[in-house]
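Quick one: the structure is below, and I'll ask about it shortly.
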Amino acid sequence: MSKGIVHYRTGDSLDSYFLIKTAMKGTASNGKPFLTLILSDNTGEIEAKLWSCSPEDEATFKSKEIVHIIGELSEFRGKNQLKINSIRPTTAMDNVKIADFIRSAPISPEEMLEKVTQYIFDMRNANIQRITRHLLKKHQDAFIESPAATKNHHEFVSGLAYHVVSMLDLAKSISVLYPSLDTDLLYAGIILHDLGKVKELSGPIDTQYTIEGKLLGHITIMVNEIGEASKELGIDGEEVLILQHLVLSHHGKGEWGSPKPPLIREAEILHMIDNVDAKMNMMDRALERVQPGEFSDRVHALENRSLYKPSFHEKPLDI
Amino acid sequence: MSKGIVHYRTGDSLDSYFLIKTAMKGTASNGKPFLTLILSDNTGEIEAKLWSCSPEDEATFKSKEIVHIIGELSEFRGKNQLKINSIRPTTAMDNVKIADFIRSAPISPEEMLEKVTQYIFDMRNANIQRITRHLLKKHQDAFIESPAATKNHHEFVSGLAYHVVSMLDLAKSISVLYPSLDTDLLYAGIILHDLGKVKELSGPIDTQYTIEGKLLGHITIMVNEIGEASKELGIDGEEVLILQHLVLSHHGKGEWGSPKPPLIREAEILHMIDNVDAKMNMMDRALERVQPGEFSDRVHALENRSLYKPSFHEKPLDI
Amino acid sequence: MSKGIVHYRTGDSLDSYFLIKTAMKGTASNGKPFLTLILSDNTGEIEAKLWSCSPEDEATFKSKEIVHIIGELSEFRGKNQLKINSIRPTTAMDNVKIADFIRSAPISPEEMLEKVTQYIFDMRNANIQRITRHLLKKHQDAFIESPAATKNHHEFVSGLAYHVVSMLDLAKSISVLYPSLDTDLLYAGIILHDLGKVKELSGPIDTQYTIEGKLLGHITIMVNEIGEASKELGIDGEEVLILQHLVLSHHGKGEWGSPKPPLIREAEILHMIDNVDAKMNMMDRALERVQPGEFSDRVHALENRSLYKPSFHEKPLDI
Amino acid sequence: MSKGIVHYRTGDSLDSYFLIKTAMKGTASNGKPFLTLILSDNTGEIEAKLWSCSPEDEATFKSKEIVHIIGELSEFRGKNQLKINSIRPTTAMDNVKIADFIRSAPISPEEMLEKVTQYIFDMRNANIQRITRHLLKKHQDAFIESPAATKNHHEFVSGLAYHVVSMLDLAKSISVLYPSLDTDLLYAGIILHDLGKVKELSGPIDTQYTIEGKLLGHITIMVNEIGEASKELGIDGEEVLILQHLVLSHHGKGEWGSPKPPLIREAEILHMIDNVDAKMNMMDRALERVQPGEFSDRVHALENRSLYKPSFHEKPLDI
Amino acid sequence: MSKGIVHYRTGDSLDSYFLIKTAMKGTASNGKPFLTLILSDNTGEIEAKLWSCSPEDEATFKSKEIVHIIGELSEFRGKNQLKINSIRPTTAMDNVKIADFIRSAPISPEEMLEKVTQYIFDMRNANIQRITRHLLKKHQDAFIESPAATKNHHEFVSGLAYHVVSMLDLAKSISVLYPSLDTDLLYAGIILHDLGKVKELSGPIDTQYTIEGKLLGHITIMVNEIGEASKELGIDGEEVLILQHLVLSHHGKGEWGSPKPPLIREAEILHMIDNVDAKMNMMDRALERVQPGEFSDRVHALENRSLYKPSFHEKPLDI
Amino acid sequence: MSKGIVHYRTGDSLDSYFLIKTAMKGTASNGKPFLTLILSDNTGEIEAKLWSCSPEDEATFKSKEIVHIIGELSEFRGKNQLKINSIRPTTAMDNVKIADFIRSAPISPEEMLEKVTQYIFDMRNANIQRITRHLLKKHQDAFIESPAATKNHHEFVSGLAYHVVSMLDLAKSISVLYPSLDTDLLYAGIILHDLGKVKELSGPIDTQYTIEGKLLGHITIMVNEIGEASKELGIDGEEVLILQHLVLSHHGKGEWGSPKPPLIREAEILHMIDNVDAKMNMMDRALERVQPGEFSDRVHALENRSLYKPSFHEKPLDI
């Protein structure tokens, strides 16, 4: 496979494989059908139009198919677009597989799982430890491959686990500076806070909200699961209530989805760490192809800001 | 017992029994201790000062004691105040009991319980019916004596049950007009929506928020209980999820405490009916002693409005 | 006429009459003119493109013309679109009339008028009764055919009258439950609250705001009319002021168009009933073609929510 | 009469006449009654306590009585308070009258009325001129003595007329700079915009909101009056609608009491001029006793700001 | 040159010169490239499509080129569009120059500069005068040709100077009416308030924000410059601080870009005058082609209002 | 000196020295003057009333005097109050000094200064390093003793330096986890972000806002100083602009006092770290005397929340 799609510039020719993420049919102004394809590889995605397509084309070029394309990078209304010169479906002969076209966390699932497990192992409060371990084990497979969101941040395979691991490390170094924090609570809160997403979202590819996700949301789902888990484990100390509160309040306030604001020190810090990690992820992403002395595109999830890369900072390595 | 405290006017003499709701000690500007008493009967409450009180007075005139007072209604900074001429504790000889001094719903607990039970009996969806019956039975005793709030509306003994019964009747007549409503869902939603208050609030007298109430709130508490109940009953149809959504969304939006807005027809109507009944209760209360052609005091929970009683409306009956 | 447009699915062929609601000329990317037609029948509307149209086409296919079309239901950017295979204007021979292509209230105008008249007849306060009767009579013809809005809810022929009749029935059943309500005031408020729309809107087809509608609005228009009516009738009791207040405050607060919030019990209930009826109408509309277990499109006027139809609810009857 | 009350400083002795604005009875912590008096002269007002007052005192020292006081200016919780050494009611012998104790506009009523009349005289559009003249004449007596508000700005005798005259002069000089403005409309809008206050407020002394004022407000009252006036005068040009719109929109937006925002050039300017004049009046008032290099008290109606008087500005003249 | 572009109506033929403001390449649905041109003259601008353009066309028809076009005014989605029948680049033979195609202030730069200089000359406070003169001189060339904004109001050559001159005249006539205003401060504040725009914006043609403009903004830039100027001039009176405050606070509040609200009388008036002049400019612009009895398009910067021109007002002169 | 004031409970007798923070005179309801004293030691403060005080008392018991008191801890309206049995001024014989009664940072000024200096020493970008060192040196004495605020957080002697040191350590550990951060920028931003407070606030005891503080604020003050410093040092790289942006944007958004939001990665992290450290400080303070299983008082600066200490957490050490 050649270099990834994000590394091309307007005017470049390309000859590559892509995964079709979505394919939408439309009717052109000359009355003929065409397809709008969102093509992706593991570095990003790009839109392409397949003009005057036949019914066979429609049947062939569908979501989740890998195709081979020869074309050229052009621009339309200020956005990159791929001009298709030739396109064909792939066969076993091409020796390509979906996994190679999907963005995922920079650490392996096994390594991340081991790290989380170690944090649980180090807990001293048995109630907190048992509930956390129980719920992680219950959802382990989904946890390890789930994205953390459908868009905005950590929206890739294993994004959820990667977000959790980053937050745990952040929590650890902050706890050293503020010794009044109860690390058992803080680590447990981090591990559980978004775990409900394994039921809120449909999985790592073409991620959608489930019905339960839309009607209850990952916060309520996980608060319920903590209650259930403690029933099953026969635990009824105040730790149960506190863990539920940590999950419940981690969005910070009502209009952001938390019916109660953080009322425990560790809940407040959990909310802030969540924010720090999400924003660092979004900002790194927004700036990854920006040249020194230039501004990024506007980022909706960062209050529509357009970020700046100072002129004395280094150029992106890959260009 | 003479006429209730709300029926006295400035300058009236009175000779009555009262329940001490709260007693607070202070120090007067002459350096002597005094007590601020909130005295109540089943029509309302009034503040009184007991100047220059002795340590014995402090020990005697405490919260939840019934006292006999001879005094006079005066006014201080635009608010009524009771001027105490004589005060004494009561004994068995006085033949008074706390229940007589507490405001409660105008219908008997038994009657209300029967009514709610009938609504459950009429449900046709077995899953909805069983979950609702199970949870009502589980919390029946608390449900029947709990207030619906610590203040603002239905904040009296059995206030919760009274609020629920009013809403059920309202829902019934609305459903006749809008036949697309699923009455099973709507009735179940009404019965369950505030049931978490039996754990959020401390009980009918001197009502306080519990720790669980402050950290999770009645909405989350009841959503959890619905999940648990369905586990115990072996029910796993979508009805469980929908009932949880009804309770979860009944405050209407995030900043009012619902992490999800109503997404089901019945959830929206539940939210609106809740509002109608609460507001009618608050408005009736605010206007009950207002003369035709005059405005009520400002009511904080009604967006600080001061309500008007048209001059062609009848005078309050009891004056 | 065949089944209505809302009952077709993508791929269906159709051979039907439609009313052209609007026709807009554009220039295609090949430089040729085309027409965008909004076609409607009494079940809904659909967009169609007439490519490469001649000047004669433009003159023929105009707003308010009925046409006969043979075509096919296709999809463009996730929205239905009608692909025109043939189109022709209609003549007397087709035996079609505009009235058959317009959505209207499910009850006849005569029936609705009789119902409103009965409510007025039952009023006991002569001042309220005379003002209400006077204004209804004055605007009776427009009232009976006006929509209640240009979009969102009750935006069809006789929509206003239908909205008023629903609210009256709702008010009647609520008043039984809350006897402190003055039904004369409440019914009069309902009948008058939106009556100013007969001057704010341009009429039932292709509804627009009038200049007076934009500069004053239906609330101010009707408050003025109540003042004028009472002058003409020689009535000067406080009822005039109260009726004006009911109309003035029925949007609930300043940012929703009411310079005064409801300060009378009946004004508050009027505001809430208005809301209940409008929302039921919008929700029924949004869900009418949604399958059980699925979500509706987002509805702007319902705070952009996408509503859910539980999987155990019935399928729409007409599919 | 000696210098006005605003010119005294803490510790000063004084021997003056005052008008009692309000008198409120309270009970001191020693159980004895006392009076809280708000005393005023034409420069401002001050609070005083009359301790251990007798029933005769209560009957004598009432609202709207003029009293003679010997006392001393002291301070209580950061606010000035008048310490009463002796107080006595006045008689004909004292030769004092209420008018001398009330703040009023710096120009005479006659002069202001003449000025407004001249502006009307200069109008070229007969419809606008006739409506404006008719309404001014109708409310002339009340207009000339009404305050413009109960507090915040121009809350003195003839405050309304003074506010209108200032705005007219301001409008005149602005119109010279922006010739696209229609001065007939602008002047008429200014003269009518607050005229409804003659019915919204109870009059110049101890100003209160009337029932009509609370339920409709001065904006709606005057919009109605313009409609009525044009009926009586037989005028039905668009001028009527535009004048109503000017009054309706002069608060600028919904949450400030205008159901329609300004949609005419003159309406926008009217709103802005109203603001400029009100703010200048409030700021001059707030700074009138502030020394150069110091800040004023916080002013609620100026978004709670505390204004600064630069150190190179002059001292207040009267100190 | 023929009449300006704003004076054409749909269907008109035209044969004119235009300045290409921007040229953007796109791909049509038939796969061929086309150019979207924004064409301008000194009365306004219009969009045009150049279909099926060759690489030579792309190279020829670029931003800042003057072209000659024969075409026709058509309409697309409710907006005017220019249909190009023929287009050619211009040469020296055409005898056209860029300056003739750019909108600018109605007064000459020299005249405006003289006016501002006179206002400075009249100042009595030497510190204020020297700082103002120093900064004006420093930025004089840019000041005299800078627009006041990239869009919304005064977005033309010399727009900044024109805005300042209008505000000065407005301030002068207001100061006559409110003698407590310090005109030295007010005039200096007006001259300096937007002067930072000479560094915030890139200049009069194709105006963009500079990096400094995006990261600091014109307010902070000018506050810094005032500090620097007073250092250089050896001035350290409180005037420096006050001038900085005037500039700092002139947007009125935090969410509008001023970290401190106006705390000086002159700062408040500066903010209001800025508003009056900007709004008059926007309203005149919005209404300049609107016929009496009609509404303008919605104006985003005027809270999305659509303004009305009363039917008794005059028609635009140029139609 | 005995144990600190925060360690006493209602009913405890005490015999201690206190620093009078403020003394306010009032008049009791018996007409006699009294003093309200705010007494402090290095653990906290308490209110006391000195009834019937003589003119000599007033002259003796003033702000910043140390007194010896024998008394008793009582309660008034739910707040602690000190009942004074005897009070006397202190003399040299008492051997007490103000410094012992003032709360200060837990690390010595020298140690903090050394730490900050080391962070500067480690910077690799010479421009950033020189500007930061220059400004720290310029304000070193004030920096080392200034509080970080007048209330809410770090409002004690050296609070500013302590806040900066905590943030630096936090930044260091976060930078390890997010290697894309430029630590030079981040450390410089932290050291400078609040340095303007040395001019915004009046100093460590009885901290007030200065005139410059009120009219410009610490953000604008420091942005100006950075500009000046770079002039003096002859630095004009983009680092100057970026450092100004870091300080300018550190409050996050307009309504919180930053005219530009953070547009650089390090600016966003600076804002978040500032928040984390301030909140940890406030929460630790709020919870320091709360028993496990109980809630703190409401904290205004924490959105009025009342924080909870879980029942399985340890008791405060000092009780």
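Observations on the model:
All chains are identified by letter, namely A, B, C, D, E and F, in their written order; residue positions are counted from 1 within each chain.
One rule holds for everything that comes next: a residue touches a chain if its C-beta (ideal position, glycine included) is under 8 Å from a C-beta of that chain, and two chains touch if they have at least 3 such contacts.
Per UniProt, the chains are A, B, C, D, E, F = 3'-5' exoribonuclease YhaM.
Since we're looking at a predicted model, the values are computed, not measured.
Touch-path distance (fewest steps) from chain B (3'-5' exoribonuclease YhaM) to chain F (3'-5' exoribonuclease YhaM) is 1. Note on B-F: its contact pairs, compared by residue number with those of B-D, B-C or A-B, agree for more than half at B-D. Ranked by separation of Cα centres from chain D (3'-5' exoribonuclease YhaM), the top chain is A. Simply put, of E-F and B-D, more C-beta pairs touch at E-F. In terms of their C-alpha centroids, the spacing between chain A (3'-5' exoribonuclease YhaM) and chain C (3'-5' exoribonuclease YhaM) amounts to 43 Å.
Centre-to-centre, using mean CA coordinates, chain A (3'-5' exoribonuclease YhaM) is 61 Å away from chain D (3'-5' exoribonuclease YhaM).
The set of chain A (3'-5' exoribonuclease YhaM) residues that touch two or more partner chains comprises 29-30, 211, 214-215, 238, 242, 253, 263-264, 293, 295, 306, 308.
Chains touching one another form the pairs A-B, A-C, A-E, A-F, B-C, B-D, B-F, C-D, C-E, D-E, D-F, E-F.
The residues of chain F (3'-5' exoribonuclease YhaM) lying in touch with chain A (3'-5' exoribonuclease YhaM) in their complex are 125, 166, 169-170, 173-174, 176-178, 180, 182, 185, 237-239, 242, 253, 261-265, 268-269, 272, 275-276, 279-280, 283-284, 287, 293, 295, 303, 305-308, 310-313. On the side of chain B (3'-5' exoribonuclease YhaM), the complex with chain D (3'-5' exoribonuclease YhaM) involves touching residues 28-30, 34, 49, 51, 74-78, 81, 83, 293, 295, 306, 308.
Interface residues of chain A (3'-5' exoribonuclease YhaM) facing chain C (3'-5' exoribonuclease YhaM) in the complex, by the touch rule stated above, are 24-27, 29-31, 211, 214-215. Of all residues in chain A (3'-5' exoribonuclease YhaM), only 211-212, 214-217, 219-220, 223-224, 227-228, 231, 238, 241-242, 244-245, 248, 253-260, 263-264 touch chain B (3'-5' exoribonuclease YhaM) in the complex they form.
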